[in-house]
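Two complexes, one shared chain (subunit A), two partners (subunit B, subunit C).
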Partner chain A sequence: MLTREEGEEEQEEEEEAKGRRRAFSINDNVDLLAEILGRLDGRSLAVAGCVCRLWNALGRRDSVWEAVCHRHVAGGGSSAAGGGCSTRSVVAALGGYRRLYRLCIGPALDRLAGSAGGRGSTTTTAAAAAAHHLSLSLSLSLFSIDCYERLGGRQQPPASLLFLCKPVDVS
Partner chain B sequence: MARTIKFRSSDGEVFDVEEAVAMESQTMKHVIEDDCADGGITLYNVTSDILVKVIEYCKKHVDAAVGSFIKALGGVDKDLESWDGEFVNVDLAIQVDISNASNSLNIEGLLDLTTRVIADNIRGRSHKRSVRSSTLKMSSRPRMRNGFGRRTPGRS
Partner chain C sequence: GRSDRYFKKKKEKMKRGHQDILHGGGGWYAVAPEMERGKRKTTMGAAEEGGDVDELLAALGYKVRSSEMADVAHKLEQLEMAMVSSAATNDDALLSHLASDTVHYNPSDLITWVDNILSELNAPPPPLPTPQSLPSADAYDLEPLPALPAPATPLVLGSDPQSEVAPSPRDRKRMKVCSSPPSSSTTTDAATSAAAALPVVVVDSQEAGIRLVHALLAGAEAVQQDNLKAADALVKQISLLATSQGGAMRKVAGYFAEALARRIYRPQPRGGVGCCSFDSVAFDDMLHMHFYESCPFLKFAHFTANQAILEAFAGCRRVHVVDFGMRQGMQWPALLQALALRPGGPPSFRLTGIGPPQPDNSDALQEVGWKLAQLAESIRVDFRYRGFVAASLADLEPYMLLDQDADGGGGGKDEEPEVVAVNSVFELHRLLARPGALEKVLGTVRAVRPRIVTVVEQEANHNGGTFQERFTEALHYYSTMFDSLEGGAAAAGADDGGPDQALSEMYLGRQICNVVACEGAERTERHETLAQWRGRMDRAGFEPVPIGSNAFKQASMLLALFAGGDGYRVEEKDGCLTLGWHTRPLIATSAWRVAAPAEDPLSALAAR
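For the complex of A and B:
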């Protein structure tokens, strides 16, 4: 009795499988996946790069990180086509949007989210980070200073962006 | 009288859609403007259940745009937003299918909505395994029952 029921179930599943054999998987459409990953925050995108080779390759694409950076920057950033192209070439020369996020935007957002949480805000970290829009020009300035400092091949790590990582006592 | 256009899904079902609703899709807008839509349009990569959802979204947004002066004043339509939230409250696999359809049909609002919802689903998953399981759920292909992933020939 049991084997007959199991046999019927298997038949139904096979029919369903035939009907959906042409179904769509998210990994088939790389551009769509890039759109989705571009809407994540930096930490989640880095985690998504650990899933499989395809997602890792997408996580290394600068266009995806560009979308992430512009989402956290005041004024959208990607609206002005002319401004966007020149910004893109500058950032590419300095090391790419992924590096920009890792060195400048990411730590700044963490600091802002941390300070918002410390003030007893009930919003989540992501929401607090989203509420603070950084200035793109400031981030680019810091990024270029860091790049310049690394050019000299100094033994010590560059000092310009350390204030983002360590708390500064201004009392 | 509004002109209707026939859309045929990949599994053969035919839908009559008003021209204004069909124009929500930029791809279809170009086809209609080029006068290539007289014999009906066949969408080879959209199944009937997904096409139903897409048409429902387009119709809702066309109706909302016609009747609403809030958007004209630059405001945000809260009712439409809550309707959108309910609209994408479906399985992850269906969300992925809808986003793929909106990508190929070039419906900007629906693409933005569905990709944002899928990204919210992925966000914050800290463990590699949990993210990997989400890639399985994002596929509407049937999984292997015995657990050993035998690769389909032709797929890398």
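For the complex of A and C:
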């Protein structure tokens, strides 16, 4: 039977051991990790999804992509809670923030950065967006058109957003 | 590869009169049998030589080194042009000379064969039965061509290697650089020797380009003067000259030449859409979709109109939009989304879509409505839809558009009245084909008391004056449109825009055909300028509503997203927005409301 003193000693030892074994791991703080990932740009976030299962799961959370979207477009970040709620439900109905970024905001930012880069300015997409005020409303409009095209089983793949992508060289 | 391009060029030449864009990749298979029929086939003979012989041609019996392919193609083009132009002038001298007096080499050695023929052409020819005088180099300056006697003067196109013409960026795009073989004679040489009436086979693209425009304008003049024989000869010249150009100019010239030819040969075109082999509405819709997807004009129209409608609907709980040209309904998802997210929440939304009758009785209008209803439901916007099939907008009556559910069932008089918006994208100009139709439609619009009427139209006058004026205007307008299509493709880094660009060009080509070849009720593409529409709307009792800066910003941002967006310009003009290419506005969006009636002094007194 352990005396109380010995029990405490053992506890302390265990805690010290734990402390030695375990440095602070971000993976233990999922919400903090999500907060951090939400500050990335789209490409980095997509890459982050390849790190491990946990990061992959986080990279699929629409709330993370919501933060990314709002950070990269004008007029989205400062919406009131009520407005944010309805925006969230509309975006969810149209396909989600991750999809919104992948189909509209990402290509749009690339296109703007490309044209801005040509003029020798900074190539960060955030700067390009700020310079050109890519608005959430415009992105959502384009997104809704694409969503509409996918309804009703079109024979050809929807093409209303093709103008944002580089053309494929088929020669 | 290079040989593909060679065969594509050959195919284009052979199908010169027809816009057979849909043949696409099957081209070289179509060419091969014709070549076999035409030429004497020789056996392959000896094994291939050291340099790599082009395999495709070798399969046909021709030995051409791959390194020589471009050269051979170029020379064959020149030869063809010479032969065709002489055929156009009904001049047998060249052909009989080639047939009887020339020594022909073995055609399987293509390059030697064609070199030989070309040197025969450029050598001093035997005296011709009818000496023809040539226009001097001065005739190439900017003066209208005199009425031509039939047959038309043979083309003499010379190149001056010493000329220092700096092409403008526009010309540079249109020029295909051709090197001049040393055996060519210059214009001046040809002019001095009166007997040298054979066409010189060297082409200076820039000069040919000027000549092309002249020929087009002269063709229009000839048609105007009912000189159909001259017009016919000019159309052939146009087709010929067009082959020397590249890119937009060639295609525009092709469409205009075809339209002129139709006007000459088929004064009574059949079919309502006019001037096209495919009269189906489904094909029309398909072209429209491709035009929507590949260039910004329709998106600009939709976005700016939607913004005006959105602002007009601010604070209203029940709204109704009437769309004069429903088609695939691509305008409305964005408006539904914007209404869903507006502060205060979405209104109750009703949409009335007007569309033409479908020949196969399919209910396209209802399908579109169904899709929009699905979208509206997913974003929780209360949505009602009604489709109307009408051959012409003039068939509409106000009672069809007014809310018929207001008195039955619902809240009756307690409910807020509907606020109406009427939207017309490229639809109003069709009404000008029948007298009185526009007035009737505008009367119907006034009768539903809309809060806002959005009108998008082409910014050009293709409806006034004489045929010649219309032709000239259309030539400038569609050249700019085609330039913008080319500009978009070039900026996107593609060699050509691919099928989307070709289909968009076809979409525009049908408009060209209608403007040039049709008359009377058939000619529905009666575009008018913004100033003209202002006058019409004014007379019909409407006053302008300025389109706000939000629309301008959104439109500018939209254009920035298009590759080649640098060439497009959004401008604001008296409260209306125009989208143009460089300095030329191409389409204009305007907004209107019913003008407040002038104050009647008696009723004002009674009110007090």
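Everything below uses one rule, namely that the second predicted complex is superposed on the first by the 127 of 171 C-alpha atoms of A that agree within 3 Å, B and C clash if a C-alpha of one lies under 4 Å from a C-alpha of the other, contacts with A are read in each partner's own complex, and residues count from 1 in each chain.
Quick note on the criterion: a contact is a pair of C-beta atoms (placed from the backbone, for glycine too) under 8 Å apart; a residue touches a chain by one contact, two chains touch by 3 or more.
The shown structure was predicted, so the numbers you read here are calculated from the model rather than taken from an experiment.
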Considering only the touch criterion stated at the top, classify A:Cys52 as touching first (subunit B), second (subunit C), both, or neither. first
Partner chain(s) touched by A:Arg61 [first = subunit B, second = subunit C, both, neither]: neither
Can A:Arg88 be said to touch subunit B (first), subunit C (second), both, or neither? neither
Please indicate which partner A:Asn29 is in contact with in the superposed arrangement: first for subunit B, second for subunit C, both, or neither. first
I want to verify the contact counts: of subunit B and subunit C, which reaches more residues of subunit A? C
Quick check on the superposed pair: does A:Ser44 touch subunit B, subunit C, both, or neither? Answer first, second, both or neither. first
For A:Arg102, select first, second, both or neither according to whether it touches subunit B, subunit C, the two together, or no partner. neither
Contact residues of subunit A, present in both the subunit B and the subunit C interface: none
Contact residues on subunit C for subunit A in the complex? 292-294, 296, 303, 306, 329-330, 333-334, 336-338, 340-341, 343, 345, 367, 370-372, 374-375, 378-380, 489, 492-495, 497-498, 500, 553-554, 557-558, 560-563, 565-566
Contact set on subunit A toward subunit B in their complex: 13, 16-17, 20-27, 29, 31-32, 35-37, 39-41, 44, 47-48, 50-52, 55, 126
Name, in rising order, each residue of subunit B that touches subunit A in their complex. 10, 45, 93, 96-97, 99-100, 103, 111, 115-116, 118-119, 122-126, 128, 131-132, 135, 138-142, 145
Along subunit A, where are the residues that touch subunit C in the complex? 83, 86-87, 89-90, 93-94, 108, 111-112, 115, 132-135, 137-138, 140-145, 147-148, 151-152, 159-160, 162-164, 166-167, 169-171
